[in-house]
Amino acid sequence: MPFWSPLALFAVVLAIVVTHLVVPSTRGWMWKLSALVGLGALALLLFLGLIWAPPEAFMSDVGRILYVHVPFVWMCMVAFTLNVGCAIAYLMKKSWRTDALAESTAEIGVMFGAGGVLMGSIWARPTWGVWWDWDPRLISTTVMLLAYVGYLAFRSFTEDPERRATWSAAVSILGYVSLPIVWFSVRWWNSLHQVQSTSQSLDSQMKIVMWWGTVTMLFFLFAFVVKRYEIARSRQSTALEAPPEAPRQEVTA
Amino acid sequence: MSDPPAIELKDVSKRFGPRWAISRLSFTLAPGRSLLLTGHNGSGKTTLLRMIATATFPTLGAIELFGQETRRHRADLRPKVALLSHANFLYEDLTAAQNLSLAAQLLGTDAPATKVAELLDRVGLLARANNPVRQFSAGMRKRVSIARLLLKAPKLALLDEPFGELDPAGITQMEGLIRELQAQGATVVLATHLIEQGLALTQERLHLEQGRKEKVS
Amino acid sequence: MKPVGLLRGAWLVLKKDWQLEWRTRARLTATVFFSLCTLLLFSFAMGPGIDVLRAHAPGYLWLGILFASVLSLGESFRVEAENQSLTGLLLAPVDARSIFLGKVLGNATLLFGLALLLLPVTVALYDVDLSRNPGLLLVALALGCLGIAAPGTVYSAMSSNARARDVMLPLLLFPVLVPMLLAAVSATRFALGKDVQEQLPSWLKLLTAFDLIYLSVGFLVFPRVVEDD
């Protein structure tokens, strides 16, 4: 397995995303293509992760879940970052598209995040002996996840569409801002209590698989976000009346 | 060189939830003139008044007051515009005097205490000045709102069903108040179901039907 | 009539909220007793071991304040929703940022007052020693209460109108308060007990950073939340 293969795969993802954005006529099917290629990459990932990569000295075979766990968490962070970008963009210039993308990225982010945290927990039990721990990454991800679950709940409970868009943008920004704060405070707490952070020194083969896994998940992230965006847009068009047309006849006051 | 119109609506539409409450409304009102706004419940009168008051803003189109667009110049416009609405903006647990005193101080009024007492006396509530608003009847609450409007001495007064909840004496007093505002040169928009009183007080008329301007025979 | 500045507007809003709280002080009293009960429940849940209780007292105190904050933050905007008074304030006119500052300070001072009232209770129930570092203890309490009030004011403005408003405020607020809780509890612990590594100033700095960040973000975002535009 050549060391540059994840990079080649990344070039494919990038090509798909750019084509989707730049060539409108491809938007109907680009996400489907992405999902298909992703499935292929996933099949290869399963082989690489379960068979090709050597068992890690410290974590043995249990560590193999990391090849999916870590990419899931990365996708969660990418999605949430896109979401807060949409939030800021919406507050600067209102647009239903921006709001639809915000809705989509939040949901997909929560999906990946929940999966990531769950897998992390499954990995932690045999490795550390506990289901939960004071790891800055774990706590930060969980806090963000909870913040965004709140975001989704808030959206579903706010009826007026314009207010929902503006207010959830505010919720998104306030929630995202917590990420560096949480990270820093937990890390500092751990350093004061001399808690060892799990050292993950991966050998080169494992690194290739980790990167391959991350790029594989990008295909799915893209496909899910696009599809969910389309669902959001179609919901908008059915829920909202079209803008009024010009007056039927000339009326004078 | 004429003054800019007091109110100018430029192709204004307002969405409320999923529906359009106001659809492509345009009209102009010169300064010092008075407009009667009529229409059934749900025709968009309250939404229109709230937009002119800068409590909310058009989804499409723009509103200009005295030449200034509402969204961008709300800080300049708000001191000049007063809204008398069904929602009275009062704090139930504060007294009438405290509510007015807050309004006076927020306006930067000189000698707020004297002014507040004077106005409460004018609306006949001086005896109840130190009672919490929670104990007031609907008519009394309206009178506190009137006092607050007088405090502001606005250039543009927006009155949404001002005769509601008033007894005949109160209605007469309200008519007197409107004439006083007009005498001060204020522009007045009056939304009311009492067409007779409304026509007597105003020079122009706008009838709304489902958020659109309708010709009145 | 001269226009009112940002700080003066905030002060008038704050004063108005204090007036309202004083006039409805029965509600305040109820909130205090609610917190008292919470602290009592913690001591029952943890059992009679006084060493355990003393060690975790800062945690119980802050959780008690946190639960009470949900009630007080909610009330802070419920009064504004009653007669659309918040719109009335904006039209008065008051700058939305003044309303934010006034409300944050109002909520923070209320929580701080509550924290002070709970201190003797923690002495009684958990046998803590207040005399070690009272000055910095008060600083920790003040910064922590401000930390709850800053994001809490923004979320409360949004939840007062939403359906399921009772659960929406804590659901939105609690995740974001995780680091603040950590810092406040740590700072309180080191103000009440031994501070071998001299961590207290650093935790206070972290609290200050949290407060400044949320005050700034709130200051920027609050006008978009309360204005209907």
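Should a chain be cited, it is by its letter among A, B and C, assigned in written order, with residues numbered from 1 in that chain.
The rule we apply is simple: a contact is a pair of C-beta atoms (placed from the backbone, for glycine too) under 8 Å apart; a residue touches a chain by one contact, two chains touch by 3 or more.
Please read all numbers here as calculations on a predicted model, not as lab measurements.
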{"item": "Chain closest to the assembly centre - both centres taken as Cα means", "value": "C"}
{"item": "Chain located farthest away, centre of chain C as origin (C-alpha)", "value": "B"}
{"item": "Chain pair with the higher count of C-beta pairs in contact (A-B, A-C)", "value": "A-C"}
{"item": "Whole-Å separation of chain centres (CA-atom averages), chain B against chain C", "value": "37"}
{"item": "Separation of mean Cα positions, chain C and chain A [Å, integer]", "value": "32"}
{"item": "Inter-centroid spacing, chain B versus chain A (mean Cα positions, whole Å)", "value": "49"}
{"item": "Per-residue multi-chain contacts in chain A, two or more chains", "value": "159"}
{"item": "Chain C, residues touching no fewer than two other chains", "value": "228"}
{"item": "Sites on chain B touched by chain A in the complex", "value": "13, 15-20, 23-24, 27, 59-60, 204-206, 211-215"}
{"item": "Contacting residues of chain A [partner chain C, same complex]", "value": "91, 139, 143-144, 146-147, 149-151, 153-154, 157-159, 163, 166-167, 169-171, 173-175, 177-178, 181-182, 184-186, 188-189, 192"}
{"item": "Interfacial residue positions of chain C with respect to chain B in the complex", "value": "1-4, 9, 12, 16, 19-20, 23-24, 79, 82-85, 87-95, 228-229"}
{"item": "Contacting residues of chain C [partner chain A, same complex]", "value": "151, 154-155, 158, 162-164, 168, 171-172, 174-176, 178-179, 182-183, 186, 197, 199, 202, 206, 209-210, 213-214, 217-218, 221, 224-225, 228"}
{"item": "Touch list for chain B against partner chain C, complex", "value": "53-57, 71, 74-75, 78-79, 81-83, 85, 87-94, 98, 102-103, 105-110, 132"}
